[in-house]
């Protein structure tokens, strides 16, 4: 099997499990929406504060969902000794990485789509120029899914992984939060020219971490 | 068998990389570090004049700047040693120990740098913290390597820990320029009233420069001294673990009367 | 003929505990070796070491010509490790789990159907793993293993919890292994079930092995000093 066939096999497996377990739909999406509500409680909804900070709130919520998604993605491999089976399977580390990262990216994109509706409805945000917003979101999501999968496997066999992953992952994805938030702000303000450089940064981050993940996932899976 | 394994480590296994430098060399570096630190105190507190604008608060720079230099030096050493560990031809636990020891020092000195910067910022800038690009990058750097140290403390066999941590250190290292770039970009695109005035750095009196250079030298010597000390401690830790393991193997081999065994004689 | 498994003074750690404290073991091609010994003797660790899932801490280890100290991966595609856990996903059905594992190992869906038939899993094919009984899970684990068509079976207590159709099929697997040239390393408490098929029995005690070097063409290595002192030569009647 080629790299991409193997990756598709793994991604298909993860997405099918997710579709069955319905954790995203029944837990992670409601979690995201309640976070939006809580933001509105914490910040005064009447004075236009919410519109101004909506991009930041959106991406902070995505980061929180990323932590849950990473934890889910590797909890699945922890049951019934599935991680050992995966190591014995004969699949290449790079393709397992690509598969798991793409599945996570797809899950995050679904989450983000629903959360966008939430932001538009609850915070009264108008998305003026869509192209940089959509491209930026996709790049950011790929970058987040790649780094998340990388740190997920790094912490997979560790007892304290639930606390270790945030400590390791969040500083690394700080540039994604910056880039994604700025590109959203510019898109909402209707100044796509300001957004594109940030989109480019997000693209570079995504390519870089997909590359690192493909190299490092295999060795890390062995040590998990 | 009496005291199983105690004699094993010392003579049976002449391990490489027991120490980074000879004890004499470390003592010399230590003394030099003390002398230069004393010189720094004298030059920094008495010889150098108070700053025209900042007054005595500026003297904090004589520690703050060397601490910042040391943080970057230490993280650089961590990155290089991690790469050397991952490179198959140079793979050795020596590099893992250096990487870990250096990262610890790096985190301590980054914390010192941030703390002093904050203490200095209050009287000079009027705030404890400013969203200056360099500050923000340094703060992210601090958390990146704090996570690395957390990972090092996770119990694992030496090889597993070494590989895992080396990869994490390199990822963090690669991330630093991206963080720096994005943060700088962010802060320059959104020109808010910044209290930071780069011209304050520009006017440096002759003895002030001298104090800074003495500081850099003193801290670098201190770094080398502490790195070697920390490395030695790590080796002793590993030796103790190794000895416990040899004892555990011996115990297991001798075993008590095995439970539920099939036809084994004792 | 070269040995399939060759261990010399192998030490293997679980955390900081030496689960294997210097094991010698030879397995010749086509040979079925029974691993016996009490709980905590190191049987599962030995199987995991041979599978390449655990690193060799000290000593030598070679599986199908691959030096375990240097490479724990290359031989895995030729090995089926049937562990206590099925290694399957709770939310996937029997067929989906089998298909994923078999495709990952480079097999096609024909093998999946074959394994389903062989272990009489047809009725359960579309049932999720989470809803299977213990016996059914054991059968699925075995099906995943045989669908890999391995050169070496590593079976960890395959009889435990296995139901009647599973046991019948396991007997067939063991009976045919030699003629098909497959080697089997099987850890079991149910010695009477395995002995008829085993060419040898190796007793593990406290992370040490007895009767491990009788394979054709094996050469005993000097055991570590402590091991020689600690284990008095226990003679074990070879099983017919």
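Structure notes:
Every chain is named by a letter (A, B and C) in the order it is written, and numbering of its residues begins at 1.
In this text, contacts are C-beta pairs under 8 Å (C-beta built on N, C-alpha and C of every residue); 3 or more make two chains touch, one makes a residue touch a chain.
Worth saying up front: this structure is predicted, and the values here are computed from it rather than measured.
Fewest steps needed to get from chain A to chain C, stepping only to touching chains, is 1. Ranked by how far their CA centres sit from the centre of chain B, the chains are topped by C. A straight line joining the Cα centres of chain A and chain C is 39 Å long. Per-chain CA centroids place chain A at a distance of 31 Å from chain B. A separation of 45 Å divides the Cα centre of chain B from that of chain C. In chain B, the residues that touch at least two other chains are 160. Shared interface positions of chain A, defined as residues touching 2 or more other chains, are absent.
Chain contact summary for the complex, chain B toward chain A: residues 140, 143-144, 146-148, 150-151, 154, 156, 160, 163-164, 167-168, 171-172, 174-175, 178-179, 181-183, 185-186, 189. Taken together, the chain C residues at the contact with chain A in this complex read 48, 51, 53, 72-73, 76-77, 79, 81, 83-92, 96, 100-101, 103-106, 128-129, 144. Interface residues of chain B facing chain C in the complex, by the touch rule stated above, are 1, 4, 155, 157, 159-160, 241, 244-245, 248-250, 252-255, 258-266. If you check the complex, the residues on chain C that touch chain B are 11, 13, 15-18, 21-22, 36-41, 55, 57, 191, 203, 205-208, 210, 226-227, 229-232, 234, 236. Residues of chain A touching chain B in their complex: 150, 154, 158, 160, 164, 167-168, 170-172, 174-175, 178-179, 182, 194, 197, 201, 204-205, 208, 212, 216, 219-220, 223.
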